[in-house]
Every structure is written in C-alpha cells, then in structure tokens.
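Pasting the structures in now, so scroll down.
First chain A sits with chain B, and in the next complex the same chain sits with chain C.
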Partner chain A sequence: MSRRPESVFLGAIPPALVLCAWGVSVLTDYDVVADVDPSRAGLGPSPALPFGTDHMGRDVFWRTVTASEAFVGPALVACAVALAIAVPLGALAGYSGGTTARAVRYLFDVVASVPRFVLVLLACMIYGSDPLVLATAAGASYAPGLGQAVYARLEALRGAEFVLAARAHGLSDARILGRHLLWVNCRRLVGRHLLYLFGFFLILETTLSYIGGFGIEEPQPSWGNMLAFEFGQHGMNPLATLVPAAAIWLTVLGTVIVADALAEPGDV
Partner chain B sequence: MYDADYIAVDSLTVRAGEAVLVQDLSLRVNAGEIVALVGESGSGKTLTARSFLGLVRARPGVVAGHVTVAVGTELVRPHECTDDGDREAAFDRIRGRLVGYLPQDALGWLDPLWTIGRQVDEVVALASRGSSDRSVPGQQGAFHWLRLAGFSRPERIVSLYPHELSGGMAQRACIALALARGSRFLLADEPTTGLDPTVQQGILRQVLALKKRNIGILFITHDLRVVHRVADEVIVLKDGQVVDRFAGSSLGDARHPVTTRLLKATVRISGGPL
Partner chain C sequence: MSEAIETTRNLARDRAVSSLAIQIGFRAGWFALTLLGAAFLVEVLLWASPGDPIDLLPNGEDLRPLLEREWGLDLPLAARFLRFVGRALQGDLGTSLTVHPGTPVRELVVDAWIRSMGLLVPSLLASLATALALAWWTAGTPSKLRGLVQVVSVAPVFLFAYLLVVGINDATFALLEGGYIDRPDWFALPDQPSWVRTALAIAAMAIGSGCLTELHAGSENELVQIRTSGFIDAVRARGGPAAPHVLPNLVAPLATLAAGRVGFLVGGLVVVEKVLLLNGAGALMWDACLKRDYPLAMGLAIAAAAIVALANLVGDLVRFSVDPRLRRRP
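Right after this comes the complex of A and B.
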C-alpha cells in the first residue's frame, strides 16, 4: 500500500510523541503515590494541569506520560525477541530449503496455530505477568508471522540469477545471505512487521491492564488501567478517560500508517 | 610455476536421474586462448561452464569428473577433495578469483537493488582482502575494471542501477564484475545472445581485447557466425557429448553432420530471410 508522504508524516507523530514521553518519563521521577490528592479530584484542564485530574486528584498529563513506560520498553524487548527468533530461522529455511525448511515451517505453524493473545495469557499464567514475561511471550507469539514472511521472501530470491552471480564472484554464503538477501531485500519487510508488533503489544498491554489481574496494576499507570479506573466515575473530568483512549487509538493508527508506508509493491 | 596457466575439465559427466546431461567431456583452455563450446540449446554447454565453478549443486555422484585450474604457482583440483567442505573451499579459491563467469542474462546477473559501482566495489574489495600488495590486479578500483570492460567514461555508469542499463551495458558491467578480482580466465556463457548485431560486435571486440591481455576464455555459443572470428579451437556438443573438434580457422572444412547443420542454419540466417 502506498501512502502520501504527508500522511506518513502525520502518522509518525503519535509514535514519535510516545517515544519522547517514554524518554521524559524515564528521566524524571514522577511519584505515582505522592500525587494522590483527593482535594483536587476531577478538576478540568488548567495551565498547571493540562488534562486536569482523575477522581483521586492525580495529574492526568503526568500519568499519561508515565504510562508510556508500561509498554514502550517491553514492546522493544518483544521486537528484539521476535527479531532474534524469526529472522535467523526464516533465513535458514528460506536459503537452505529442503528438510530444514520443512522443519522450521512446521515449527512456525505449530506456534502460529495458537492465537497470539491466548499464547501470551498462557505464558503469563505460568510465569507470572511480569513485563519481561509479557514481552517475551508477545515476541515469541509474533515470531512465526515474521519468520514466514522472511522465509517466503528468501525462498523467492534463493534461485535468482544475481544470487548465483554472487557465488560465482566468490562471495561467501554468509555475505550473500546477510548483506544481499536480508539487509537489502528484507529490511523493510522486517521493519514493517516489527512496527505491527509494536502496535500489537500496545493493544495487548492496555487490554490486559484494563481487564486487571495481568499487566500493570494500580497505582502504576497504564493507558489500559487509567481507562478502567476512571470509567463509570460520574461527574468526573472526561479527559481522564478520553486522553488515554485517544493515546491508544492514535498511537496504534500512527504505527500502522508508518508500517504500511514500508510496504513494497506486491506485499499483502 | 607451470608451463602455462590453464583451466581444464577431464571426463566431466553430469546426470539428472536417469538422464545423462553431459557425458565424458574433456576440454582445456590455455591462457590467451579462446575455446568455443558450440551446440544447440540443452546440449550441456552451460552445465559444463558452471561445473568449473562448482555451481552445479547436485547430490554426490551426479557430477563426476575433474576440474583443474592452474594459475601461476596455484594448482586447484576441487574434485580431488573427498570432504565436501574442502571441495567448497577449493571452489571458493577458483570462483571470481581465478576464473570469472560471464552470463547470458546479464541484467538478471546484477543485483537489482545495488548500483553498478557498489557491485563492482564489493567484488574488488574481496580481491583486496588479506593482502596489502597494491600490485594485485583486483586491488585497482571499480573505474579500472569498468574501463577495461569497455566503458570509456566509467564515472557515468557507477551510480546507475541495473534497470537503467541497456543489454549491452549490462553485459559490459558483467565483464567488469567477472574480472574485478583479477581472474585470468573467463567463462563466457552466450554473452552475445539476445543482443542486437552492433552491440554483439562491441562485446566480441571486448572479448578479443581480453584475449590480447592473455586472458583465457571459454566462449559458449550456439551461433557459429561468431565462432570463426574469435575461437582458436571449436568444440561441438550434441546431447551432452562432444561430437566434433576443430581449429577455429578451419570452420569451413568442418564435415560432421551436427556442425554442418549448425553451420547451414547460421548461413541461412546470415544470408537473408528464411
């Protein structure tokens, strides 16, 4: 899918803001407990409190910024896990073919046969809902999709004349695979999938935090538990729910727009 | 040091299941010599050329015979290696370094996502690796090899992608790539097929210029028109077997039925419309 540069630019703004928020949050020390102040509960926006306060009097702006810590770091870990599993296996299968390819694809099919959300919940039930467990499980559950994509790309290119040419010129298999096939031909494909995984992880984390029991627990903020905590509180500041909801929606939308911009002709 | 640099294959046999694609083929190309391998499509010409570089990937027993490459003090005989890894390592010493390959489909032979300059640079860098001796031929820059391949202004070509090249330009770029590691031999696999006559002339002139630089060439073609102009020796293949051998200058005296048939077809085409 091709998109106009201006829409890609607009799409990149929310994910970029999220990364900035993550940086700010990591560098500052907003105290989620000390911020509780029932005397200012449900205040509307003001210069000092741009998004007002929630029903416990906490600053919605700072909680929204701090909530980026709940998913950005783990999402990057999930991307690293998916990258580390899927690219070597997909490349090995696509470049060597034969029995190796059948074995790797079978492994991918087995993992992919379990819905991602179920696989992540299963891992959290067994190993606890630590962010690292969540990230690893999400990355592993996404790996078959990325691995199959890398496999399909390399399978199509393996027999290409320019690959044979590279061998005839004396280039090593490692160089042909790493430089000509993976770096030149697959980097956009991999980048696109990792952005999808980033968006998927945001939805996963906020959903689990919204449901409760898994994910981020109060008083630590997540856009999911911010929504759940404020939802149904009558007469309260509407921005306390609208801001995290909009943050989720815009970040996922922006991530998908940027990911789609990386698609190449013929990609589905 | 050997008497002369040469590449040779002895008793090459290539099988695919029950079918024998190349049978008991032996040939030798000396430095500065052009040997033409002539035959119809499917007669085993390309398989023979690719066997020199170990590019015919097949199960053990499918490819039999011995390849010998002797250049300077180096003597490489990959098929004497019993271990697969050692054999691959021996072929690695040959590929691009001692023997270059010039394909028919030059555009497909180039990486579509890299500029020509970058592709030649990469191969040149392979030649430089592990040696600080500036006199190694491969250590000269991409411009040198592109100029040698017939580009009078290589600076114009280095920033182009393969899809921006004509067929003749792509073929010249492939000549530069085949020689960029300083190889002394060239396997030219139908380099003029599909090119218009003017461009064919240019490529043939280039091949003859390489011969003058003492590069040995195995010239594969099905077009006898070009053979008598360039070849020192002509080997005619039919269904994977050598059926005729003669000196390039004595083409007119060739009597074998297969050669005569190829010659007649060529004469009819060059003589006018069918």
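Right after this comes the complex of A and C.
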C-alpha cells in the first residue's frame, strides 16, 4: 500500500514517543507503590498532573510513561528471537530448495497451525508468565510468518540473472546469500515484519495484562491493566481510561503505518 | 466424429476428476501431518517444562508412582508422543485436573468448541461480507474509506470489546438515571447470558486486531486484478454486466484469505470470551492455562490447531473445486 510521506511522518510520531517514554522511564525511577494517595483520587488534568489521577490518586501521566517498560524491552527481545529463527531457516529453504525447503516449510506450517495467542498462553502456563517467556513465545510464534515471507522472496530470486552473474564471477554462496539476496533484497521485508511483530507484541501484552492472571500485575503499570483498573469507576477522571486506550490504539496504528510504508511495489 | 469428441470430453473430465482426487488426498495428508506435528510440538513444550502436573495435585506425592504410569511421565518423549496419539485416535484425551477435576477432556473440548463456533463462524462471515462490500466500492479508487477502515480496525480486539461495553453501559446508565427508559431486558448481569454480549463479541472479532483491514485490502487487490483482466474487458465490450463474471473469480482468493484469518480469530476468541464473560473454548483455554490444567490445555490447543488446519484444508478444496487451472498439476 503506497502512502503519502506526511501520513508516514504522522504515523511515526506515536512509536517515536513510546521509545522516548521508554528511555525516560528507564532513566528515572517512579515509585509505583508510593504514588498512591486517596486524597487526590480522580482529579482532572492540571499543570502538575497533566492527565489527572486514577481512582487511587496515582499520577496517570507517569503511569502511562512507566507502562512503556512493560512492552518495549520484551518486544525487542521478541523481534530478536523471530529474526534468529526465521531468517536463517527461511533463507536456507529458499536458497537450497528441494527436500530442505519442504522440511522447513512443514516446520513453519506446524508452528503456524497453533494460533499465536494459544501458543503464548501454553508457554506462559508451562514456564510462568515472565516477560522474557512472553517475548520468546511471541517471537517464536511469529517466526513462521517471517520465515515464509523470506522463503517466498528467495525462492523467486534464486534463479534471477544477478544471482547467476554473481555465481559466474566466482562469489561464494555465503556472500550471494548474505549480501546480494538477504541484505539488498530482504531487509525492507524483514523490517516490515519486525514492525508488525512489535505491534503484535503490544497487543498481546496489553491484552494479557487487561484480562489479568498473565502479563503485568498491579501495582506495576501496563496500558492494559490501567484500563482494567478504572473499569466501572463512574464519575472519576475519564482521562485515566482514555489516555491508555488512546496510547494503545495510536501506537499500534503508527507502527502499522510505518510498516506499510516499507512495502515494496508488488507486495500485497 | 461426435463420438470422438464425446470420448475426448469424457477423458478430459476423468483426468480432471482423478487429479482433483489426488489433490484432495495430498491436502488431506498434509492436514494429518500438520496436526501430528502440532501435537508433537505441544508434547515437546510439556516435556521440557520445569515441573510436572503431579506437583499441582493436593495429594500428588502419594499417588506419584500410579499417576506417572497412568500419564506416561516416566517414558521418553517419543514413547509419550506415540502413546498420546494412540489414545487420541481412540478419542481419549485424558481427564481434566484442576478446572473440572475428573471430567473427560474430550467432552469439555467438544462442548466448548461447539459453543465457540457460534462466535467464530459468524464473525468470519461478517468480516468477509463487510470487507467485500467495502472493497467493491473502494477498489481501484483513491478513497478515504480505506484509511478509515485501517484506523478503526487496527485497534486490538480487547480494546474494542472494552470500549463497546463501557460506552453501552455508560449510555444506558445515563438514560436510566434520566428516567428516559426502563431497565431493558438485554441489560443482563455479568453471570447471565445475553445476546448483546454475543453480538458485541462477534463485532469485536470481525473488526478488531486488523481482521477487517486485512480482508478489505486482500479483496481490493483481487478485485483490481480481476476487473483489469482481459475477459472483463471483453464482457464490457459486448455491453454485458461485469459482476456475474467478477464474483465467481473472487471465490478462490477469498477462500484462501478467509482460511488465513481463522488462526487470528481463534486468538481473538480467547480474548472476547474473557472480556465479555462468555462461556466457550477460549475462556476455557485461559482458565486451563491459569490453573495449569495440562491435559485440558493440551486438548484445547490441539483442537485449535485442528480447526486452523481444517480451515486451510477447506480453503484449498474450495480453490481446487472452483478453479480448474489448479487441477492440472498434482
């Protein structure tokens, strides 16, 4: 989907803000427990409290900023896991073809047949709902999608003239595969998939934290558990609900817009 | 002469039928292999787990030798897997440990999935119908609607369900307090079933987490390809309506697109059933994982994999049955 530069610029703003919030949150220490102050419960916005307070009197702005820690780091781990599994396997299958390709595609099909969310839940049940487990499971469950895409791209390019020319020049397979095929022809594809994975991980983490049981537990903030915490609080500060909801929505939207902008002509 | 034509025609038909049979056999075999692989994957995850299900039982340590033999925990991975497959083929998936102690997993899984199909199938059909209707209108034109569909559809399923519930709750409370309406009968307590919640669940799944925008973009792409192809130009040149020629050509790509969404919808099912307090396979999966009910979670996960693989099989069969070009090469 081709996009106008200005909408891509607008789309890049929420993810950029999230990365800034993550940096700020890692560098400062906001005490999630000491912030409770029932005397200022449900206050509206003011200069000192830009988004007001929730129904336990906690600062919604700082909780929103701190909640970025719940997913940014693990999402990057998930991207690394998906990259480490999918790209070598996809490249191997696409470049060699034949039985290897069939075996790798079977492996991808098997993992992809278990729905991502179900696979992540199973992993959380067995290994505990640690952010690292969540990240690894999310990355592994996303790997078939990325691997299939890399496979399909390399399968199409394997017999291309520039590959034959490189081989005729005596370049090694590793150089053709690593530089000419993966770096030059697949980096945008892989980048796009990693951005989708980032968005998927945000959805996953906020969903698990919203429902509760897995994911981030109170008093540690996540945009998901902030929403759950304010549910049913009539007449309280509406920003305590609207800010995390908008943060989730805009961050996923922005990530998808930037990812779509990386699509190349001919991509669906 | 006509006899020769008839023979050729019969031959061609027979060849097409036998190649369709080969394709169906090939796909069905792939389906069975994928399912076996998925069962093996789940078995490997369990095998590599730090504890075992016996740790979770109140009197587990007393029963350990008996249960280890019963569940095959002392066997190596391959033997455990073969045992599981052998029992599963006889319809025995074990008994639930903690969620419904003592109840056969098969009964729970079948019951829950039958209930959940009432959400899964309508949401897939609703999403497909909406996407196609929108795509029919927007395909090949610079339309603002495309951006709007993406902006709305990108919201996670749980956020959709949450905002719908909060919006409807607050609006109804406001109307009740103002004395404009009496308490409506659909305004049920959380523990009672309500058609409103079912409808909200179907809507949230059909739109949220990118479902609508994926199907919309896919349908648009196919529509543009079909509408710009030579045979549609020929139909237009003859002055006939294009729609009766466009629609049959859409069936095959739409079947593939829809089959590809089933896995995501199963994930959405877990979410909406928990958020909207519905009773089905998704909510049961969540509870089984939370209470570490290994046999039940495993049964539900394999059933989910079977449904995804079955959807792909059905999608492939639909493609093969409507598109004769695919039948040439087995």
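Everything below uses one rule, namely that the second predicted complex is superposed on the first by the 268 of 268 C-alpha atoms of A that agree within 3 Å, B and C clash if a C-alpha of one lies under 4 Å from a C-alpha of the other, contacts with A are read in each partner's own complex, and residues count from 1 in each chain.
Here, contacts are C-beta pairs under 8 Å (C-beta built on N, C-alpha and C of every residue); 3 or more make two chains touch, one makes a residue touch a chain.
Just so you know, these numbers come straight off a predicted model, no measurement behind them.
Enquirer: Based on the superposition on chain A, does the combination of chain B and chain C result in a clash or a fit?
Expert: Here the two partners, once superposed via chain A, fit next to each other without clashing.
Enquirer: So, does A:115 touch the first partner chain B, the second partner chain C, both, or neither?
Expert: Second partner only.
Enquirer: Is A:168 touching anything from chain B or chain C once the two structures are fitted on A? First, second, both or neither.
Expert: A:168 sits against chain B, while chain C stays out of touch.
Enquirer: Regarding the shared-chain residue A:48, is it in contact with chain B (first), chain C (second), both, or neither?
Expert: It touches nothing on chain B or chain C.
Enquirer: Is A:126 contacted by the first partner chain B, the second partner chain C, both or neither?
Expert: After superposing on A, A:126 lies in contact with chain C but is clear of chain B.
Enquirer: So if I put the vertex at the Cα centre of chain A, how wide is the angle out to the Cα centres of chain B and chain C? Nearest 10 degrees is fine.
Expert: 90
Enquirer: Under the stated touch criterion, which partner chain does A:248 make contact with: chain B (first), chain C (second), both, or neither?
Expert: In the superposition, A:248 contacts chain C only.
Enquirer: Of chain B and chain C, which one contacts the greater number of residues in chain A?
Expert: C
Enquirer: Across all Cα pairs of chain B and chain C, what is the smallest distance in the superposition, given in whole Å?
Expert: 21
Enquirer: Which residues, counting only chain C, touch chain A once they are in their complex?
Expert: 30, 33-35, 37-38, 40-42, 45-46, 48-50, 147, 150-151, 154-159, 162-163, 166, 170, 173, 209-210, 217-218, 221, 263-264, 266-268, 270-271, 274-275, 285-286, 288-290, 292, 294, 297, 300-301, 304-305, 308-309, 312
Enquirer: What part of chain A is in contact with chain B in the complex they form?
Expert: That would be residues 160-162, 164-172, 180, 184-185 of chain A.
Enquirer: Which residues, counting only chain A, touch chain C once they are in their complex?
Expert: Contact set of chain A toward chain C: 1, 7, 106-107, 109-119, 121-127, 203, 206-207, 210-211, 213-214, 224, 227, 231, 234, 241, 245, 248-249, 252-253, 256-257, 268.
Enquirer: Could you list, by residue number, the parts of chain B that touch chain A in their complex?
Expert: 53, 55, 92, 95-97, 100-101, 103, 105, 108-114, 122-123, 126, 174, 177-178, 180-181
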